[in-house]
């Protein structure tokens, strides 16, 4: 039982050390970058480094809060021996940051409480909180909550609007319709849908005319395309190779109203 | 395509006194000067064209954008209201039907503007690399007797319509946004107006002498700026 | 006064010469020895050059002193009256007032001078056209009424004239607020552009219908140039300060007779043309057409 | 644009065209005119091809006085329709060559010196039908006036003073119907066309 716990502790400590080392190297890399590449360093890569750091921090805190991690709080570190002499092994371990394990350094390094300054500050705040009356505190909390919900509302509203706008921008079809374009272009170009009702005296050379007339009113795109006027057929058939040079000739050959 | 009477108000008759007074040489015959103009390729007889449409409720957005993009920023868009009549001269010569299309356009909102006679040739779509339709076009300002003239010449009125809308200018480019209406019976436009679509026709065109293909690229770039409101494209209406 | 100014100018001139010559001295000193002093005895040459220059400066200085001693010192400070306080004005937009004040003073001064000259000339050459025969009180009254007439009165007169002839149409514009410029179309013959000053006709130009409405360019057709000349004569003839309305009315009557400018022959020679012009003169009383040479 | 009267000038037997022009030039210069360049009025005639049915004729005229303008006159037999266009109409007529063909040998032109004297402008044109000299047309324009009725007498007096008794005392037939109307450049063209038609007929008679 104890052995298992010990093993667990060991592995947990190993992984923690690994994470901390990762964190350390990435901090070092960042410091190096700031110091040496400050001329070429751009904001996005700097932010990327931050993201890396925060990733490491999250994974570290994950390990610490993991189930299998033994409750470190319950363990104590006991300095067995203090000596004012230089300890080579320690120096190597700490990259020459800590050379002696002496009585003046140990309390700082093995401290489990907050830093004295921070501790002071915390004390002050707690004291202040304790003195505030309950009703007052309640009021403040309510006001604070109100502000937060209000901002939340604003943000979500704006988001909704953006969503609608971007979706509206997404379908461009709303602004123009292909069938309308075709309708207008053929109307202006060939008079489709614009021709008067064929005159009764029926000029010779206009037999196709009556068939060309589109249905009255606004012809839907389906009917407009479904009905292939005979003249269009002949036109596409006659659509001569581009070798035709004179405009008159080519125009006459493909003109739908010819005989 | 929308060269309304208003769009190109060229008054045909100009006094020659200033031109001629100091010129002691025999004036060239008009034919000669036309031939030389043709040879030196300065007659704008090619039209580069892109077409598209915009649904009625978005036309204001488009106009707003055009106002920003085009040259006439300060005075806003110029409006026009034109009546276009499309004639054709047909005959059968030894089995071959010959058709010669002619269009007459006049400004209904500016009665003193000259009429505009127009011949539009065959469209050339070209391959994918060519950004616009190109077609030959001859624009002639003329007097109001043109309608009777054409009718007596043997032309037949194929169809007619009115176009009412806005015109913009951007360098050499002309952008028209117009509502196309069918003319009611009779020769009185303005009565029995019948809309043919719930969209505005949008056209981007340039008249240039042949060989000015660089302008087509400019037009493509400009058309790109109007997306996705309007998709200006090469449309072969003869295939539709 | 005149002499003072002259002397002042002379003194200023002397100072200017002095300054420029002193400039030469400094220039030469700062340049030091130059190549054109040559090799031999260059120091001596330089020194002589300096001496010459300094002598000129000395002479100039003497001139300046002479000129200054000739000057009479101004008798105390100028009395600017209340305008002195203007210089103490602190608000930004009013600081320019002093300059404007000086300008307007200059103008009034000039006007005074010119009107004195004009008054002198007019005194020696009396003109019958003026209203000398009228009594003093009447003159005062009419004098104000011809130049300074309320716009609606002018408007009434113009529209009355407009109604006078059917083939004469009048359009009015007022580019200079009170004083209208009217454009008279006389049938299809010509148009006249007439500028008024109050009820007095100030300027007339006759043009073809196709020409611009600009009042200062004359017609490019000789016939209208001639008619313009004649109408200036008529304008002076019909000038009646005491009865301005009648003057304008008679001028319009006379102008209306040009409706037959091209169609009626000369009363005297019975021809249409004389030196390629139709009869451009209309008799002031009978309104009969004459060639300029036949009248 | 003032009122213009076009007048045929008879050529006396012993004179040639150029010498007659010279004579007239001397006369007008003696009157005090200065030469202001040359002028040219030409006319080309297109006829419809038989397939289009009843024969129609389009006369296309240019006047150097209005160099950017093309005047066309369509004759259908019953109607005469004038059309005024800008210069590119010629290009359109070329395109229409399948329907309307020009008869080359009927090209008529009148060209010669142009003078100004006072407000008159005078043009002495020698008329040629397909390069053959046919006669002389004198054009007199009185520029300040726009209504023929008002200045006909005046122009007639000028013409008689300059051309002598060959000038009739009645206005040209074309103008007689339009005496009270405002004169337009098209009226000048119509007068030229009338004269050209006469010359052309005489050309084909020979």
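Lettered A, B, C and D in written order, each chain numbered from 1.
In this text, contacts are C-beta pairs under 8 Å (C-beta built on N, C-alpha and C of every residue); 3 or more make two chains touch, one makes a residue touch a chain.
Quick caveat: nothing in here was measured; it's all calculated off a predicted structure.
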Which chains lie in contact with each of subunit B and subunit C?
-> D
Which chain is the middle one, judged by CA centres?
-> B
Looking only at C-beta pairs in contact, point me to the busier pair out of C-D and A-B.
-> A-B
Would you identify the chain whose Cα-based centre sits farthest away from the centre of subunit A?
-> D
Inter-chain centre distance, subunit A versus subunit B - centres from mean C-alpha coordinates, in Å = 49
How many Å are there between the centre of subunit B and the centre of subunit D, using C-alpha atoms for each centre?
-> 34
Distance between the CA centroids of subunit A and subunit D (whole Å) is 82
If you look at subunit A, which of its residues touch at least two other chains?
-> 247-248
What positions in subunit D touch 2 or more of the other chains?
-> 1, 95, 98
Going by the touch rule set out above, which residues of subunit B reach two or more other chains?
-> 92, 98, 100
As the complex stands, subunit A meets subunit B at residues 169, 172, 174-177, 180-191, 193-196, 203, 205, 218, 225, 232, 235-236, 239, 242, 244, 247-248, 250-252, 254-259
Which bits of subunit C are touching subunit D when the two form their complex?
-> 188-190, 208-210, 221-224, 262-263, 265, 271-273, 275-278
The subunit B residues in contact with subunit A across the complex are 1, 51-55, 58, 61, 84, 86, 88, 90, 92, 96-101, 121-122, 124, 136, 156, 158-161, 163, 180, 182-183, 185, 195-199, 201, 227-231, 233, 235, 237-240
Would you mind writing out the residues of subunit B in touch with subunit D in their complex?
-> 10, 12-17, 19-27, 29-31, 34, 38, 43, 45, 89, 91-93, 98, 100, 117, 119, 138-143, 145-146, 148-149, 152-154
Along subunit D, where are the residues that touch subunit B in the complex?
-> 1, 35-40, 42, 44, 48-49, 51-53, 56, 58, 62, 64-70, 72, 74, 76, 79, 81-92, 95-96, 98-100, 109, 111, 114, 185
